[in-house]
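Two complexes come next, and they have one chain in common, chain A, joined by chain B in the first and chain C in the second.
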Partner chain A sequence: MKPPRNGLAAIAPMLWLAVFFVFPFLLVAKLSLSDTALSMPPYVPRIDWQQGLAGLQAVFAGLDNETYARLAQDRLYLDAYLSSLRLAGIGTGLLLLIGYPVAYGISRCPPTLRQALVMAVILPFWTSFLIRIYAWIAILKPAGVLNTALHGLGLPGVDILNTETAVLLGLVYAYLPFMVLPLYAVLERQDQRLIEAAQDLGSTPLSAFWRITFPLSLPGAVAGALLCFIPMAGEFVIPDLLGGSETLMLGRVIWTEFFSNRDWPAASAVAIVLLATLVIPILLFERQQAKVLS
Partner chain B sequence: MNGRPQTGGIRSSFAPWEDPSARPLVRFEAVSKAFGDTAAVKRLDLSIYEGEFFALLGPSGCGKTTLMRMLAGFEAPDAGRILLGDRDISAEPPHRRPVHMMFQSYALFPHLNVAQNIGFGLRRQGVSRAETTARVEEMLALVKLEGLGRRRPDQLSGGQQQRVALARALAPRPRILLLDEPMAALDKKLREETQFELMALQQDLGLTFMIVTHDQDEAMVLADRIAVMREGEIVQIGRPAEVYEAPVDRYVAGFIGDVNLFEGRIEAAGDGRIRLHSADGVFEAEGAADAADVGWLAVRPEKITVHSEPPPPGGNQLAGRLLDYGYLGDWTTYLVELAPGRTVRAARANATRTPAQTLGCDDPIWLTFAPSSAIVLTR
Partner chain C sequence: MKRGPSAFNIASVVLGLVFLYLPIVILVAYSFNASRLVTVWGGFSTRWYVALFQDEQMLDAVWVTLRVGLMSATLATVLGTLAAVALVHGGFRGRTLFAGSLYATLVMPEVILGLSLLLLFVSVGLPRGFWTVTLSHTTLTLCYATVVVQARLRGFDRRLEEAAQDLGCPPWKAFALVTLPVIAPAVAAAWMLAFTLSLDDLVIASFTSGPGATTLPMRLYSQVRLGVDPKINAVSTILIGLVATGVIAVYLVQLRTARNPS
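Now for the complex of A and B:
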């Protein structure tokens, strides 16, 4: 038997989860099973609390999976879905490639310098996210900072604003701290004597890195990857500002359904599908972690 | 010091350092190393011979760990050179040296199982998978961990982890094995068991071991020779019994075992003896020393005989008051006050079960020691 104090302590996070996750999730799930209607709010059925339990039953009878069927038939949704996962996947890969050396480099600096460098990684957060993404427009636009610099060097200019390249650039830029920090946390507390032991037993510095440092930093890499992949897949601002009309991402689809088409059930269904896709890798990761720990 | 057997006796015929034609396995030649302004090792010369169990003993900060890390290749000497056989290894990186180290914290690879840890060095040497498996099994049997090859390090007890660390360092058959405070994390009983196992292992395998420790008991039990270090220099080097019974100065005498020091004027007494005039009396001791205004006699507590009645006059005698005594089972130690603020320690082996303890605190007490039991020190 656990002491009751533990039970009490567990209530707070449970309550938090119930109020801010489970309840909104159920609302969105219910919305995704509703139908659009020309009313305010623009869906039926709505719960008529005055009828009590009978009203609730009427609502359940009115729910159907028609919206999901529609999503499955329309290629637009599937394309947007796959495109989101692809961009988030490529972005995560790029973040790992860039973030790992950054985190490794910081973790091998003298402690005083480390603090300053970690500060530097966090520093961009002091400016509004929106402003930083707008700044990228100024950099990438045809007569922007980047092209001016390229012309100055006698190089041909590039026109990448409103392309997937610009979206990936924005994603990598915006999410880099979320990749660097968990990796740094793992690398920084790694026992340097393990590296010495590996070298003592005949590993070159490079081989010691691949055999010891790298595998031991994988939990940090997985944490960073999840921390970046999940919000990137649903990202709205970056593709909206930096991407062109051909950049399909679920965040934009949800926005369009919700605000332009006033199709709340469709927007909700897209959100639910996205959530379901992301929950599976998270659960797999959790289970694998639990196995390692046991 | 507390009655445990010493290796010196077991291997009294093993003394390559006394043979001028013997070639040392490891040679430090005028090696210096400083960290910033602090000199860790000062122009140090040292030879270690094949098959030797060598101990570097000293307090923390004396440079013993730096010396070991230079041999492993983790630190480069600022000056001087380190030879392994005829090969100058001063500039070689650690992974090229056939020198392996057992780390104080063990430094086992947490993501690899026991067998993979032990096989790590073999695989890096290019030993085939099949042969590695066989050799790992041998090592597991050697350190009595059969059947635990698939465990992860964190599933093992501290003692088992220590054995894995030992097996891992031994598996690639190093020319010399370095042990950095190998018993520091073990409890006393396990430590004593492990010490004897380690000695047996070293002699069975015929390997050269170098141990770094601040624990003088450990160094005494394990080593063929002990080097006592202080502030980056070796103060004395010799068999455990030599270092204990014939320390070169007060530092060594005090660092290894308990000692009572009497300060006074030394004069020659002829017949290979000296006389020391101290505040506690005039003592005779065997030993050659020039007459000096300041010198010391060092007397180990167990070489002092305790009397509850005044002994017959003559010889080296002290009288005092019993301040405190401690019954340790095998020994009883006595703290005797000669004069306010001046105390002497004595120890008596409890050779019989009948309580010889008739003395109580504050009782008058007399102490005697033989001239051959005192060490004459001039520094």
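Now for the complex of A and C:
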């Protein structure tokens, strides 16, 4: 018999999420339908809790989709939207290409070494994200570490700081642990006898990999891809520090609208569009999570 | 028989780790550089560390960050442990929705999370500062704490707790005396993770912080925008050293407890 405590433990975290996660999204949605104003906070209409229901009705009457219409007419937002998805997509592809051999290599090592290697992959994730991106500025800048090394070897220098290449490099660097770990988790659990059976039946190691190991590792690849793609699409720090002024991504647009332009409704509308785009990947990620945890 | 790693396997692991660690090594090395220039090695020096400890603004930011981290990590660990217990131990109404919104916080772009939390604080008229950042960081780290505790709790034999209850122990006491000691390493790891994530966060803090509550990442960010500064390397090195020591210590403790479970 199960004690009735199960649900009780959920009450506090449930309330927390309702207040600090779910409800705020309704506010973002509401604000995206509001208008900018020269006041603090810089938008109208504002909810007057003292007026009760009448106040809420007044707010609903004041909402319109003007902000969305404004954004739709401006080419800049469409460009930022497309380049966010493009960079996150290319980044995810690169991460799969780089992360897979690393995860596979770790899974082939002896068990004692494996633990230490997994630890080594996780450790950078614990050190500051901002600092790790900052480190790349010193490497990539025109008179930076990379170019000094290239000149030392007699090679021509490269000028990639403030370009999309630098942004992609930063994305791959920062998200690599998130790709390697889910891949490693499925590869490590794989039954080695399957490979042995295939080889006993005359399969070459390469074809055994492509026909057994690789298909069986796909759930890990999907989990890793989603875990990287979703936050990368809304990334702010990496495009801001490593990308030039022409590298527009939605996370950066939201930041600029909010902090520089003080246009809160526009920031909210962009956030809603980004969220609407990410809903399907997020739901896929959750289904995957539920499968892994059950 | 299991084949060992091939040359290709070894090469990919080594290259992967070099890629992950080289920038960090360079960063640490240049924090001891006497020269201000990144590419010129002016000899070993600790002058940037001295300069760092004279930077009042930086020290204030460190203090704010530590307070926010301690407070939010503790809140997130308590809530996360409760959430993990609820999720592992069973079916209740709204479980799917609860798990769904919890995992959504894990992948949600920080810009969206920060903006939505700020709008919440503005709409209820809560002045921005220490507490708003703390509440926001608790929300950010809650799911991470849950995942860590949940992983350990799934390996726990629940019949132990039920046996205690059959012998007349009240449920909360059975949890505190039987379950909690077993999952304690995971709870400690969850706290550590929540604390580091809070220490690290720039985006959410920027949205939800107010005057007088500038966190270290916010201060670093405004410095970084002005260009490369060896003082940033120095503060980064200290942070990396602290975190690496903590994480490796936790790892070794877990390794020891795994070897002799008594």
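Here are a few things to note about the model shown:
Everything below uses one rule, namely that the second predicted complex is superposed on the first by the 260 of 294 C-alpha atoms of A that agree within 3 Å, B and C clash if a C-alpha of one lies under 4 Å from a C-alpha of the other, contacts with A are read in each partner's own complex, and residues count from 1 in each chain.
Simple rule for what comes next: a contact is a pair of C-beta atoms (placed from the backbone, for glycine too) under 8 Å apart; a residue touches a chain by one contact, two chains touch by 3 or more.
It should be emphasised that the depicted structure is a prediction, and the values quoted were computed from it without experimental measurement.
Touched residues of chain A, counted separately for chain B and chain C, are more numerous for C. Of the two partner chains, chain B is the only one that A:Leu216 touches; chain C does not reach it. In the superposition on chain A, no contact is made by A:Gly244 with either chain B or chain C.
In the superposed pair of complexes, A:Gly93 makes contact with neither chain B nor chain C. Residue contacts after overlaying the shared chain place A:Ala138 against chain C, while chain B stays out of touching range.
By the touch criterion defined above, A:Gly62 lies against neither chain B nor chain C after alignment on the C-alpha atoms of chain A. Of the two partner chains, chain B is the only one touched by A:Asp200; chain C is not. When the two complexes are laid over each other on chain A, chain A has residues 196 in contact with both chain B and chain C.
By the touch criterion stated above, chain B contacts chain A in their complex at residues 72-74, 93-95, 99-101, 103, 105, 107-111, 120-121, 124-125, 168-169, 172. Of all the residues in chain A, the ones that touch chain B in their complex are 191, 193-194, 196-205, 207-208, 211-212, 215-216.
By the touch criterion stated above, chain C contacts chain A in their complex at residues 1-6, 8-13, 15-17, 19-21, 23-24, 26-27, 30, 37-39, 79-80, 82-83, 85-87, 89-95, 98-105, 107-113, 115-117, 119-120, 122-124, 135-136, 138-139, 142, 146, 150, 162, 165, 171, 193, 196, 199-200, 202-203, 206-207, 217, 220-221, 224-225, 228, 232, 236, 239-240, 243-244, 247-248, 251, 255. Interface residues of chain A, counted against chain C in their complex, comprise 2-3, 5-10, 12-14, 16-17, 19-25, 27-28, 31, 41, 46-47, 49, 98-99, 101-102, 104-106, 108-110, 115, 117, 119-124, 126-132, 134-139, 141, 143-145, 148, 173, 176-177, 180, 192, 196, 226-227, 230-231, 233-237, 241, 250-251, 254-255, 258-259, 264, 267-268, 271, 274-275, 278, 282, 285-286, 289-290, 293.
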